[in-house]
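To keep things clear, I will list the structure first and then write my remarks on it.
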Amino acid sequence: MACILEAQSICKYFGGLKAVEKVDMQIEEGKIFGIIGPNGAGKTTFFNICSGMYRPTAGRILFEGKDITGMPPEAIARLGIARTFQNIQLFRYMTVLENVKIGFHIRTRSGFLNALVRDRRYREEERFIENEARAVIEKVGLSPYVDTLASNLPYGLQRKVEIARALALKPKMLLLDEPVAGMNPLETRELSEFIIRLNAEGYTIVVIEHDMKFVMNTCHHILVLNFGQKICEGNPAEVRRNKAVNEAYFGKGLVVGGVS
Amino acid sequence: MILEVENLSVNYGHVAALSGISLTVDQGEIVTLIGSNGAGKTSTLMAISGLAEKAGGTVRFKGKDITDLQPHAIARLGICHVPEGRHIFPALSVKENLIAGTVREEKISRQEIVRRMDEVFRLFPRLKERINQGGGSLSGGEQQMLAIARGMMMNPDLMMLDEPSLGLAPIIVEEIFDLILKIKKAGKTILLIEQNAAMALQVADRGYVLVNGRITQQGRGVDLLHNDEVRRAYLGE
Amino acid sequence: MTIPPSISALFQKKGMRISLGILGIALLALIPQLNLKSYYMGVLCRILLYTILAGSLNVINGYSGQFNIGHAGFFGIGAYTSAILSLQLKMPFWIALPISGLLAMIVGLIVALPTLRLKGIYLAIVTLGASEIIRLIALNWMSLTGGPNGLRGIPAPVLFGLKFSRSQQYYYIFLVLSLVFYFMTRRIIQSRIGRAWISIREDETAARSLGVETMRFKAANFMYGAFWAGIAGGAFSPYFKFISSDMFSLDEGFNILSMVIIGGQGTLAGPIVGAIIVNFLTEFLRPISQYRLVVYAILIIAMMWLRPQGLVGVSKSVLAERRFGRSRRVHRR
Amino acid sequence: MDYYLSQAINGICQGSIYALMAIGYSVVVGVVGLVTFTHGEVIMLGAFASFYTFQLVGNNLIIGVIASFLASAFIGVFVFKICYERFFNAPRHISLICTIGTSMLLRNLAQIIFGPNNKPLLEVVPNRFFGQGVVGLTLVQIIVIATVISLSFLLFLFFNRTRWGIMLRAVSQDKTAAAMMGINVRLTSLLGNSIGCGLGGVAGMLLAIYYQTLVATMGGSAGMKAFSSAVLGGLTNIPSAAAGGLCLGIVENLGITISSASFRDIFAFIFLLLVLIVKPEGFAKKTGVRP
Amino acid sequence: AAPKTYRIGVMAPITGTNAEYGKGFQIAMKMAADEINAKGDIKLELIFKDSKGDPKESADIARQYADDPSIMAILGDFTSSCCMAAAPIVDEAGLVLLSPTASNPNYAGMSKYAFSIMGRQDGEAPFFATYLLKKYAGAKNVGLIWVNSDWGKSAHDNFVAQAKKEGLNIVADVNYLADEKDFSSAIAKLRREKPDHIVIMDQGLVPTIINQIAQAGWTDVRITTLGPGTSEQILNLSKKNAEGLLLTTPFFIDDNNRTAKAWADRFAQIAGFFPTVHPACAYDTVYLIAAAIRNSGDKVTRESIRENLQNLKGFVGLTGPIQFNPAGDIFRKYLIVAVENGKFVRKTDYDYAK
């Protein structure tokens, strides 16, 4: 299978702190890829590098064979990588619909002149955005909330708005940072199913999560980071058997509890 | 009884987040609130610590009416609130954040601060490694640890934890629950909110179930854990 | 300030809106025919001028969330450009005017480019500095700007033999310009570009992650605002016939800023209301001479106390807590 | 050579004046967490307080310091009530406009009450000159420099090494969390603001003694310099703000040396711009931010 | 019959940075109007409007006065930019705008209705160069420090032109902005060139500069100043630092000049500070307008005031003889004055220049 994203010995240092240290990884197209690891292991930092928020201290990131190291986030988004944030970053005082509409920015191109004369392209694009945005909202199941202010939504739904907004980009790859944090087991299961459905539609998905039940049930392939370094990689069963991972991450296994 | 909440209501604009809930917490007890997203758990804690305006009801702490006290006065009485959203001081270093936790006690010796800090660092060695880093640049989980640690520095009589395990690695979550039991052993009281209801009910003496701002069930932790309705709604089974 | 639902419903119908708009414009156009005293016409002209200035500042501060407090500088660029072009090159007003706007826009770009990474108060002080630098250059560049003596005798615009010299006539120039400004801005704000600006205001990181080229759009936004300030300046100098650098001081910048905020940031109507109120106050309070600014200051503070969101209701997001300490990471979860 | 040395000294002396004003400014911003445009007027009122005190009790520097500190600190309470207290949870431009309004209010009231003309403040400190020829310092200059150095050192210790300092900084960063820690947010930021304003008042006194004159409109440019210097220093870091003031003074005077005094502010602002381009948040190391 | 009342509009910066001067205008003009009204042949009613020193406001005020047919003339404003903003408006309306203080050389020429009595610097500055520096003080190397404003610029340019003719050696030439506080660098620049005389061209800031020269410990130089006249501020603010200062002035208040002295005292009583040349000029403008009204005879119109102002002969005011040239400016005669023992002392007479 083709590899969609490749990291080649990525490093990121903050002063003396090695947040990410020589990480290599290959993400296969069409898979759900999980990244786990203790707190501060460098998972979010890695996402930030992939999405262009940080420039790595060393190493390269290739997306579909193209070197995207050090590109600004907006250029990377254009190439087809969309992400959500560990700390939800919605446009909090805009409605759900408006939030999603902004996701269509890169798929439209009318400029000043089009807006001034409201020519055909402008009108067509506006219609396209309106329809598509509603379709995306429908798809994540937020239809009842199109006109609700994002900040007034319960937490779990805010996560979904973020996902909807990312989907509006029609990305080739979706990066989700702790999508089920703060959700109860029921909601977690729903989201897991949703992600699997998205994957079936052809999206490549990378998730960071601490909820093992979710990770083990959702991901095809898992990578474990600790102190910025890769300590293990493999399918869920392999990772669970790994001794180093168990010591550094799972502990006594109380929480992993009812993995089924 | 260390905390008594009677008929507490909270409104946000026209939205009623809490409509007249009553609950009690005994000295030395662990009590948990469970409920789905938006049920009003956070609002309850915010109202108790004076950060959300109360539309009605009374709150008593150690027999004293604290309904109309300012948030800082409530904190000074010995209620610590580890909030949802962490609320770290971003430009203070980890160490300074921890010291900020001690300011409610005017006369506290330097040794005592160092002692508490050591204790906290034993629990979260990660924080010790980051001791001079700005709070805002910590990773999500590290911030969560810091928020809990800062709460512990307050040495409170009642600790209210709002989803303390949020964003933490499993191994740390276990430690948090160990910690909760340890705090209880030290004779302190805990009011706990958790999404992971199974874990919460396992450690809790008693629990309340919140639905749409109302308490629908209450009982011993183990009883709720085996209650079918609760299992279906909150444990995902 | 709440509008009864029946009336607001009227505004919702497109046909109704258009005909009401035409009616309003016709009424505005008829005002000079009332033979008002030239003083009143002068005040009206000033209000229209400030409508453009406050409106263009609002595009920057209210819609893209950048923080410009030195708008007077761009105003000055426009004023000097049209004055110099018409005095030294004898260029007709109608050509000089767009050039004024374009030059202000270019200067806007020069200010914006190196400072795109700056946020909040750091950007504010740079705009303030730029405004001062522009003023000081105007003050020191004797050969071009007349230095401290200023420029005088700026000729009145002529169109088809019609001379726009008195305020009764000049009113039409200001009216047309502010209408054009209003409708252009409205369309842009409602378009993809406007959405991108607003998304930057709301959360720049998120906007970037969605592919919004924030640098480009912020620069474009700044240039658009500067352009219109330049146009306002370009129209101002032949109206005033004399300009000097002290007309474009920092206080002038603060003055424009307070119009925007008193009227209501982030709305199209806000700056208009703000311009009317502030200019009206200036005139209204003149009789109390030395207490004038005291009372004016008290009124400004009172307005912030009573209606911090401005007189025109503001979109909620402008009121969002956006404090200095920027605690992005500690939001709700 | 002497000439350039003496110009450098002029720069340092003027820079110390800026630094002095910036210190108070930084304290205010560091505690309240909001930017102010009233600081110039606070400085001016401190100068007037000392002026009238000197008239009443004679030229006693200590009493002057106390009087200007108290007067400006009291004004600080007033400013706090008008501009900050209500607007802690509002967007910052609202309190900003309030501070612009308050500055206008104070300046014009002062003009009415104290009169619009310049007032002399002579011989508070004897005009003693230390040094040789063109290279040297007067007593006032030495006092100003010493004050700046000791104040920035003491305040740095206070804000970074004491629990009180941590409390004040915590309040500016997250008022909710501060309240949860048992900090009386209102009182603490009121106090911090008053301290910052009081320091501004002392700066005003020294400014008036240094230039031997004071006038109700002196706040405008003073406030602007305090603001610029503080921004250079990252707004909340006191030693950096002092360094910012110092740099600004030196750069301005160097600029004047090579061109004309009319270009003073051009040099100041271009320097500011260049620094901000390289370091978008000033000299101070920024802590606690990540995307 | 009862005396006829004429309404005169005044615009002045009563608030803002120039409020000091606006207040001086207000007091001095009111004094003059009260005196004229007490005499009883005509009555003047002064209407004061605050322009804040903002040209835009001045223009609006001028328009307001122009619209009001009962206003016969306008007095003011303080700064040249304010006057120049109002000039096109009065020109259109045919209404006299008589400024006590506008010194921009271009101002009066903007309209035949625009007048100023400040005295243009093409009069005083050459006088200063030739008579004060060259003849009286015997200067060789001079250093200039001047305020970069319309006034300062024209004073400087006129001075330099004349100084070249006279063979004065200008060794240093520095300027600064009106809100400058710290002159140490500029002074160091002057000092390096070792002039024997320095010329300070400013009005309000002269004492500050004198003090800072003293503070720098620079004593081997003679200080002269062009602009402030015999301002008490210099004596008050500079005390002994001003000793030996040389300056030119069109009018001089000393014990010999009873009326002027009495006027200054009265002014100080009301204002709380001693007058500079500006309020004195303001005082004179009211008398000038009164004279023009009297000369108009029975039919007083805006136009008649203009004509009679332009053609006024033999008028002597507080600030000396005043007669307008065709542009609407005046040429004045000057005295040389020095500060000795904390007082201004007249060193030469008006006919010194002959």
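We call the chains A, B, C, D and E, going by the order they appear; numbering starts again at 1 in every chain.
Throughout what follows, a contact is a pair of C-beta atoms (placed from the backbone, for glycine too) under 8 Å apart; a residue touches a chain by one contact, two chains touch by 3 or more.
Here the structure is a predicted model, which means the values were calculated and not measured.
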item	value
Fewest hops from chain A to chain E - one hop per pair of touching chains	2
Where chain A and chain D overlap in contact partners, by chain label	B, C
Between chain D and chain E, the fewest steps along chains that touch one another	1
Pair of chains joined by the greatest number of C-beta pairs in contact	C-D
Computed distance of Cα centres, chain C from chain B, in Å	49
Between chain D and chain B, distance of the C-alpha-averaged centres to the nearest whole Å	42
Centre distance in Å when chain A and chain B are each reduced to the mean of their C-alpha atoms	30
Of all residues in chain C, the ones touching two or more other chains	136, 139-140, 205, 290, 293, 320, 325-333
Per-residue multi-chain contacts in chain A, two or more chains	53, 87, 155, 181-182
Per-residue overlap in chain D, given as positions that touch at least 2 other chains	108, 111, 173-174, 177, 260, 262, 265, 289-291
Footprint of chain D on chain B - complex, ascending	49-51, 70-73, 75-76, 80-81, 83, 87-93, 96, 99-104, 133-137, 150, 154
Chain D-facing residues of chain E, complex	15, 17, 19-20, 22-23, 148, 174-177, 179-186, 188-189, 191-192, 204, 207-208, 211-212, 214-217, 233, 236-239, 272-273
Of all residues in chain D, those that touch chain B in their complex	163, 166-167, 169-170, 173-174, 176-185, 236, 287-290
In the complex, chain C residues that touch chain D	61, 67, 114-115, 117-122, 124-126, 129-130, 132-133, 136-137, 139-140, 205, 250, 254, 257-258, 261-262, 265, 290-291, 293-294, 296-298, 300-301, 304-305, 308, 318-330
Partner chain A, residues of chain C touching it in the complex	184, 187-188, 190-196, 198-199, 202-203, 205-214, 315-317, 320, 328-329, 331-333
